[in-house]
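This is the structure I have questions about; it appears just below.
We just call them A, B, C and D in the order they show up, numbering each chain from 1.
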Amino acid sequence: MTNKLDVSIVGGSGYVGGELLRLLLFHPHIHVKQITSVSQVGKFAHNAHPNLRSATDIQFTHPDTLESCDLLFLAQPHGYSAKNIEHFAGLAERIIDTSADFRLNDTDTYARWYGEPHPAPDWLNKFVYGLPERYRAELAQANYVSGVGCNATVTNLALAPLAQAGLLAGGRVIADIKVGSSEGGARPNEGSHHPERSGAVRSFKPTGHRHQAEIQQTLGADFDLFMSVTSIELIRGALVTAHCLLNESLTEKDLWKLYRKAYKTEPFVRIVKQKTGIFRYPEPKLLAGTNYCDVGFEVEEDGRRVVIIGAIDNLMKGAAGSAVQAMNVMLGWDETAGLEFPGLHPV
Amino acid sequence: MTNKLDVSIVGGSGYVGGELLRLLLFHPHIHVKQITSVSQVGKFAHNAHPNLRSATDIQFTHPDTLESCDLLFLAQPHGYSAKNIEHFAGLAERIIDTSADFRLNDTDTYARWYGEPHPAPDWLNKFVYGLPERYRAELAQANYVSGVGCNATVTNLALAPLAQAGLLAGGRVIADIKVGSSEGGARPNEGSHHPERSGAVRSFKPTGHRHQAEIQQTLGADFDLFMSVTSIELIRGALVTAHCLLNESLTEKDLWKLYRKAYKTEPFVRIVKQKTGIFRYPEPKLLAGTNYCDVGFEVEEDGRRVVIIGAIDNLMKGAAGSAVQAMNVMLGWDETAGLEFPGLHPV
Amino acid sequence: MTNKLDVSIVGGSGYVGGELLRLLLFHPHIHVKQITSVSQVGKFAHNAHPNLRSATDIQFTHPDTLESCDLLFLAQPHGYSAKNIEHFAGLAERIIDTSADFRLNDTDTYARWYGEPHPAPDWLNKFVYGLPERYRAELAQANYVSGVGCNATVTNLALAPLAQAGLLAGGRVIADIKVGSSEGGARPNEGSHHPERSGAVRSFKPTGHRHQAEIQQTLGADFDLFMSVTSIELIRGALVTAHCLLNESLTEKDLWKLYRKAYKTEPFVRIVKQKTGIFRYPEPKLLAGTNYCDVGFEVEEDGRRVVIIGAIDNLMKGAAGSAVQAMNVMLGWDETAGLEFPGLHPV
Amino acid sequence: MTNKLDVSIVGGSGYVGGELLRLLLFHPHIHVKQITSVSQVGKFAHNAHPNLRSATDIQFTHPDTLESCDLLFLAQPHGYSAKNIEHFAGLAERIIDTSADFRLNDTDTYARWYGEPHPAPDWLNKFVYGLPERYRAELAQANYVSGVGCNATVTNLALAPLAQAGLLAGGRVIADIKVGSSEGGARPNEGSHHPERSGAVRSFKPTGHRHQAEIQQTLGADFDLFMSVTSIELIRGALVTAHCLLNESLTEKDLWKLYRKAYKTEPFVRIVKQKTGIFRYPEPKLLAGTNYCDVGFEVEEDGRRVVIIGAIDNLMKGAAGSAVQAMNVMLGWDETAGLEFPGLHPV
């Protein structure tokens, strides 16, 4: 274990906590020191994460017994990190928080979308938004990294090349997002009951989704963004169909240039656009367990609409995967360390 | 509404209550008078049963306000009917109870499988087991009818012709049953949470399932019955693969004779056995919403094992459908009244 | 069979043909005379439509042996009806064609979207588009009725009240449609292979879907319509999320008024919009086997976007159900005859 | 690439070929030299296996251009390997054939189950059956290794401890197996068409499954084995419920001892048996992409029946995974090399 970084996970019994644990257990430079959970104290991690049955004998400890370590992952529900950030900062030099608490860098925006003042406004500027494709340089210098919203991430990566080229300015984008049930977390509710949820096409949030704020912070606010989220039959995965009504007419060739330039060196963003076959566009089911964001596009014949399609595994690139990628950047490691799994087919 | 029977449903917010309501609303001889629910008092029935949005404006009433009526369906969780049977019998001349309370006619057997003495032992003999294919004559004379267990019903109908012919005697039957999530009822729990339940192949009850008692009461106890229930990705439906190790060697031709004789006049039991095509054997997905039990079979080349396959919709033939069919028999109506829906394809 | 109308189905082995057969077998005023299929000649109908095993003993006949009848349903793949319309018109006074051949009333539009000149241009004006909610009066006078596109229908009914009120004029609508696998028909292909199709979120037609033409013919061409179709894990069902960017700001109250007025007397369109519960918006899974189109809506806080949500069973309201409803109108029967099935829950 | 073994895959466009390619690309000691496919010549591997989009640029070559290499994987449909074994043996010193051609070591048994004489009977004894848990020592000495049947493997590993202890002798075992759609391979057919296959509970092979021969070869023929295979809604995965009627009464404690002893040092077999939680028994969905076989058990109260439950990913432990594991054994490498993926949750 020498030379490995001691890392602990706070709030390790949820789905994001489970994915963090899986990734960190197989990460070449990490030793997992503690994993906390109020409800599972003393139980083996594989009690909550049965896929890890033979991968670890680590047991959940109470958050009150959390010891100091090199890096702390916080994977608690929203609100918890912000209220306890001083405490956690006293325990670890580096913190990566997968909740929404430190994603927005503006207190007013936070208050508007989360309905209350931010509990730790001074900390907002210390955190870097954990999307390496946009903030790689900042992450390399950071000690505090926020998580990313899953729906925000797939939309951000789908649209970033357009935004960077200034093409969204003055335009209108409708991000119609299809998501799986794991986005709702590990706790059962009426809506997650299998006979009701299975086969559903549920208009979960037709308007007013909070992740809009993260997208406009990342891509700029010079365009109108509308977001609708529909829950479909799927466990892992999010697909955005981003309908862009732009001021400038674009051709397919323009988009190829733009996206190739933006993503040719990105390890986890792939352009998926084939003329034939059954996987012509990004398909989230192929991405389960991977850190990829696949991006594709199509242009309306007369150029009046550009459709950008993006897909991710919401628990990976949309949460735990991006967090580990950000850690790799922060610590100067190979950015793909621990994130090599290519995904399965068929699946 | 003249000439229609006034019927009420106690415990109408669950899945069986919902199916009863659907069937009764479209039944030619029935007027639904009241539907009770403690948790939904004052709410429209379609709040719990959204498929009935335009079918009825009936609202849930509290069970304490239940009025007298011609026939009462009890669709409460197990234990409730038995404790309150005197009360309900004072309100209606006829009662059909879909719970397990009055299925077994022997107090010792009840105590053995349900772990406590029966709360109303004197009533056990007043109830007729609500399986028309076996107790049609008795049902025609009955005022009190018990429901049927879903897994028991599909197994009973799969095996009845063998039992009637005395062929099970001294044999061994393993009933390997595959079931959908609606068997667990309408209340969410850890195991019914979509990300966990979806795609599961869960060994729910490998041994010791209570429905064994109902089967041996119906088919006789002169053979060894073993039952295993596995929950699979399916909402409605139960399929039994009944592996029969018998003392006598049977041919396919024997089985055709036996099953044709047993079921040729049954309105809701069909023999499904085709040499070609993709629906060669009973398939529960085709039965969603119908009252059919499909039965098929296959014989091991050397005759040492007979495999009987049966399929039902657990909420219909396995619960509400059989209850309505039993009502039809009890009241001398066309046995198929209100039960004509043929099912969908594809589905 | 006296007093019943003799009806035959041409192209009866597909999914729409199967649904037509199911509906007509249980229709109070219909006698099914013949059902044709080139590939299934001599086979029982339930060979292709196993749900109808005990509902009929009718056998497929070759189209060449088609006899005259009162009304003919054509359920062939696109292109066939138009090429043979003279022949069919000689056999039956009334024709309902569920293919796309006679939906568009303009030969240029047809040529543009279907890539070739219309084979029977003189017939286009004899056909009435089979959407009773828009063309009820015309259908009552018609002898020839075209089918409707499934994706067109759900979008048409979602948007019609806005169109009728002139509110779409000058606006932009993005119809993001989620569809099940039965839209692809009964013939297997690489993309419908279960390991590939199951769990897919496949961008089937991000731009350029032919049904756009039907929508603009129905709703008017004074607005920009963009359509994207995504195939999801679902067998039956289509849900449209229609994102409307209008010139006028609308409130939720405005929409309630508009939609109530438009649909309060419609037997098969329901407004579904609840503040609580898990079925707040239209949900296609509840509609399997029914002829309903459920419509709901939501308005962006600042009124800049109106989201209209519509859901149907694509094989029913999107094909066979609308066809039977149109027949009922054409013949002056109760419009709901044979279409009373309320749907199942859970399902 | 120095020091890596040159490996080629013949028949690389199917599902097993795809999994082999995935495993070998990430294997520390392997260099993939060629992958052949008649139908995909010249196309990138990721055309057939889209999960490998960024993992490799290898293209399919025609089998006629196959060059010599260190080790050859044959992943063709049954019949092909046996007919061409001399040719392949001339190209590579070591061969692992995942088809059924060389699994049975007896020509009579082969002829009985496969309906024709074996095309290369002299080769049968040169091949070792590729199940490391049973033939580890033999594999370490082998140059030719056969694949394993997926349903055979899960049953073999579920029952092996009982067989080794002589407890199956004179008994009867009914292996009721639930399987996913990937078992049917990559080629579409009527039965794999999504609207028909999705949600199916299809009695695929109630009697007479060929894998019985492999099981009795592995476990001995001193007991009666009956096998039934039911296709359920699942892509990857196989679960066996092995109902054992034995001559000796066994307790749970006996089974714990037996199974712990048999599997405590096995890297890929885990005993899964928990008193609480929702994953008490083996669950194939947790195993997607892994090489694990999970085994659990339950005993009928009176000891008359022992139920052994086993689960695998049919494409991994049931095919490609076991093949790579056998290769590791054959070459003296760490047996788990390239097979470390722990699986996902939720999934």
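Simple rule for what comes next: a residue touches a chain if its C-beta (ideal position, glycine included) is under 8 Å from a C-beta of that chain, and two chains touch if they have at least 3 such contacts.
Given the structure is predicted, the values throughout are model-derived calculations rather than measurements.
Comparing the chain pairs B-C and C-D, the larger number of C-beta pairs in contact belongs to B-C. The chain with its CA mean position farthest from that of chain D is C.
The centroid of the Cα atoms in chain C and the matching centroid in chain D are 46 Å apart. Computed centre separation for the pair chain B/chain D is 39 angstrom, with centres defined by C-alpha atoms.
If you average the Cα atoms of chain B and of chain C, the two centres end up 35 Å apart. Residue positions 15, 182, 186, 190, 195, 199, 233, 235, 277, 283, 346-347 of chain B each touch two or more of the other chains. Interface of chain D with chain A (complex): residues 15, 18, 22, 25-26, 47, 49-55, 182, 186, 235-236, 270, 272, 277, 279, 283, 286, 288-289, 292, 340-347.
By the touch rule above, chain D contacts chain B in their complex via residues 172, 174, 176, 178, 190-191, 195-196, 199-203, 206-208, 224, 226, 228, 230, 232-234, 237, 239, 241, 243, 245, 278, 280-285, 296, 298-301, 304-305, 307, 309, 311, 346-347. Within the complex formed with chain C, the residues of chain D that make contact are 15, 180-182, 184, 186-190, 192-195, 197-199, 233, 235.
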